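Some structures to go through are shown next.
Each of the next two complexes has subunit A plus one more chain, namely subunit B in the first and subunit C in the second.
Our next item is the complex of A and B:
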């Protein structure tokens, strides 16, 4: 039991979203009542398990947690937001919206409720309203990189690549060490036909995460595109021809080596990859 | 010299118990007085976040390409200049009114006053009580000898020269309790209690303003002019030059995979420094040239006026 509590605490601290683990560990704790031995931490566990249970579709467990929290903290905005999420999970979007609205009327700075409201609009299929709500939210809570990521996703759904790229730049400034974000930015740039910049970003991905396959594919695609295209006008900013060839070679070599490693991939995908690389 | 056991039962222990009880009551009253924490205001949050945003751009601008950096720089510069992020947009150049009329400021002041009162009143009452009833009492004999220097600390209120230093007077017993009961309170009330007299004393010496000050109050408690802070930040931003971290990423990657010798990177760095130095020199030249040109212009104008 102590170990389960410890794991749950670690998950809370790292903000990882592993609902299956949380429900598996948390359910016996709550069902047996052992959770109450954790004192003040008990309520954090209740909240954590409630959200995980909603993720897993275990409505009975979620309801149990939320009710326990409700009796302990009646009228708390944090609990009401959980109730709103529960309503969302059961498809009652309008009612959930009313709850979030009420929380925000009491305290306009409530971050959790304003974030839920944005997602509610998205779930209702109103992307442009969701975008404007999220832009308003980010104007105040500028440092929330998850918000910027979400906004980038919303813009991508609307095929607004320039705006999505802007959002990803903000994410890069807030979380510069995460190669996944660099990859996303690089792919947006590639879609915008900005191969020169995309190549640099793909390089950054591979630099941060050695032998990142998707990054290597990106380098290969950008390099071959740039090699085929006429030499660009502003030669100063562009990568030199030799460098491009070297990059292309490097990516090809690494990809073949990665797919060739024993047990790395199925035979069919290995063949497909080699074929693709040869065509490029 | 012998001490009457009645002194122990009716003076020594009651003083200690009273002090503990007063500490507990003080804790409860402070909790009641503090009430709900003050709600943050959306606009002041936006104000502080804007400053943070500018700081981030200056620190982490390395990670975004040239065009992205310059776009943001221009936007923030203009926004700061115009005061887009200010809480009250029109107070920019209006002379500030009396601070005492600002409700937020008065509230912070009141909070500090309340805390100080909570500290002063009970301590004064207890000290008065001890002085009135037990002045001149000797309560304890310490089981160890002490040097004469401790006389002032242990025998306050009993002005005799000849008494041994290990005897403790009533007033000194009060002071010993005042400073010594801290850990007892931690045992009873848990950590972070408000019965701690020492902390209040420290708070009193700084007038209790340091901790109570809000986000846009300076340490002296005066509200700051955010527009000025924004302008200063704008200046900082204007001075920031963009240096892109991915300038030579291809070479770095090739070096990392051993396709190029590491010395290439070093050569690039040297070349860059040389280029920068060259640019610096031309700038200096321009700076020297500019004033003389301006002077020439001015003299020409003067000449025209004279004509």
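Our next item is the complex of A and C:
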């Protein structure tokens, strides 16, 4: 039981979405009442399990958790948001919207409720309304990188790459040390055919995270695209032909070494990957 | 999550010995003081053997703790980040949506303990 609580705490800290693990570990804790021994953490576990249960379609468990929270914190906006999420999960989107609206009428700075409203609009199938709601939210809370990431995602759904790239630039300003965000930005640039800048961003990914396979593949793809393309006019800004070839070679070398590392991949996938890397 | 190092048994033994020495020197001090009280002596300070025992226990503790302690963690943020998965670095817990297949797929599944 101590272990289960520890795993749940780690999952809360890392924010990974693993509802199956949370429900499997959390359900016995809540059913047996052992969760109350965790003192202040108990309510966080209730909230975590409630959301995971909604993800898994276990509405009875979610209801139990939310009711426990409701009796402990009557009228709290955080609990009401959970009730809204429960309505959302069961498809009652309009009713959930009323709850979020009521929370925002009491306190218009409630960040969680405004974020839920955005996702509600998206769930309703109104992506452009969701985007404008999120833009309005980010006008006020411009340091919320989660919001910018979500906005980038919404733009990507609409195939608006330039706007998505702008959002990712904002994210990078706020979280420059996270290689995943650099990777996302690089891939958006690659999709936009901006190979010069994408190459630099892929290099940044590998710089931040040694031997990052997706980053190395990105370098290879960008380098080979740039080598095939006609030399660009502004030669000063571009990477030279020799440098590109050297980068391509280095990325190839690292990729083959990574796939060749013992226990890295099955023999068949190792052969397939090496073959593909070499013909590129 | 950090990889757990195999426990260093020698280091633990050293710590245990150090603890007993520490405890024993404390007990000896108590005994010495009560002896002084009994004979009404005016001597101040501790006998040399207790002092030596105490210092030896401190030194052993130092050695044992160094042996038992885990490897150091990286001080650079990037290296810590590199260990995390893409799911946790790109997670957006406040933007969950529930119109996904999970609700339908797991509705009637009873989760079993995999461990």
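The rule we apply is simple: the second predicted complex is superposed on the first by the 254 of 280 C-alpha atoms of A that agree within 3 Å, B and C clash if a C-alpha of one lies under 4 Å from a C-alpha of the other, contacts with A are read in each partner's own complex, and residues count from 1 in each chain.
Throughout what follows, a residue touches a chain if its C-beta (ideal position, glycine included) is under 8 Å from a C-beta of that chain, and two chains touch if they have at least 3 such contacts.
This structure is a prediction, so every number in the text was calculated from the model and none was measured.
Q: Clash or fit: subunit B against subunit C, after overlaying the two structures on subunit A?
A: Once both complexes are aligned on subunit A, subunit B and subunit C fit side by side.
Q: From the overlay on chain A, compute the angle at subunit A's CA centre subtended by subunit B and subunit C, rounding to the nearest 10 degrees.
A: 60
Q: Can A:243 be said to touch subunit B (first), subunit C (second), both, or neither?
A: The answer is first: A:243 touches subunit B but not subunit C.
Q: In the superposed arrangement, which partner chain does A:115 touch: subunit B (first), subunit C (second), both, or neither?
A: second
Q: Tell me which partner touches more residues of subunit A in the superposed arrangement, subunit B or subunit C.
A: Partner touching more subunit A residues in the overlay: C.
Q: Between subunit B and subunit C, whom does A:57 touch in the aligned arrangement: first, second, both, or neither?
A: second
Q: Thinking of the overlay built on chain A, is A:95 touched by subunit B (first), by subunit C (second), by both, or by neither?
A: The answer is neither, since A:95 touches no partner chain.
Q: A:31 contacts which: subunit B (first), subunit C (second), both, neither?
A: neither
Q: Would you give the minimum C-alpha distance from subunit B to subunit C, in Å, for the three-chain superposition?
A: Subunit B and subunit C, overlaid via chain A, are at closest 14 Å apart by C-alpha.
Q: By the touch definition above, which subunit A residues appear in both interfaces, subunit B in one complex and subunit C in the other?
A: Common to the two interfaces on subunit A: residues 210.
Q: Taking the touch rule as given, give the residues of subunit C at its contact with subunit A in the complex, in rising order.
A: For subunit C paired with subunit A, touching residues are 1, 77-78, 81-82, 84-100, 102-107, 111-113.
Q: Under the touch definition given earlier, write down the residues of subunit A that touch subunit C in their complex.
A: Counting only subunit A, the residues touching subunit C are 10, 14-17, 19-20, 23-24, 27, 51, 54-58, 85, 88-89, 111-112, 115-116, 118-119, 122-123, 146, 149-150, 177-181, 184, 208-210, 212.
Q: Taking the touch rule as given, give the residues of subunit B at its contact with subunit A in the complex, in rising order.
A: 39-42, 45-46, 49-50, 52-53, 56-57, 60-65, 68, 246, 249-254, 256-257, 259-260
Q: Which stretch or stretches of subunit A touch subunit B in the complex?
A: These residues of subunit A touch subunit B: 107-109, 139-143, 166, 169, 172-174, 176, 197, 199-201, 203-204, 206-207, 210, 239, 243, 246-247, 249-250, 254.
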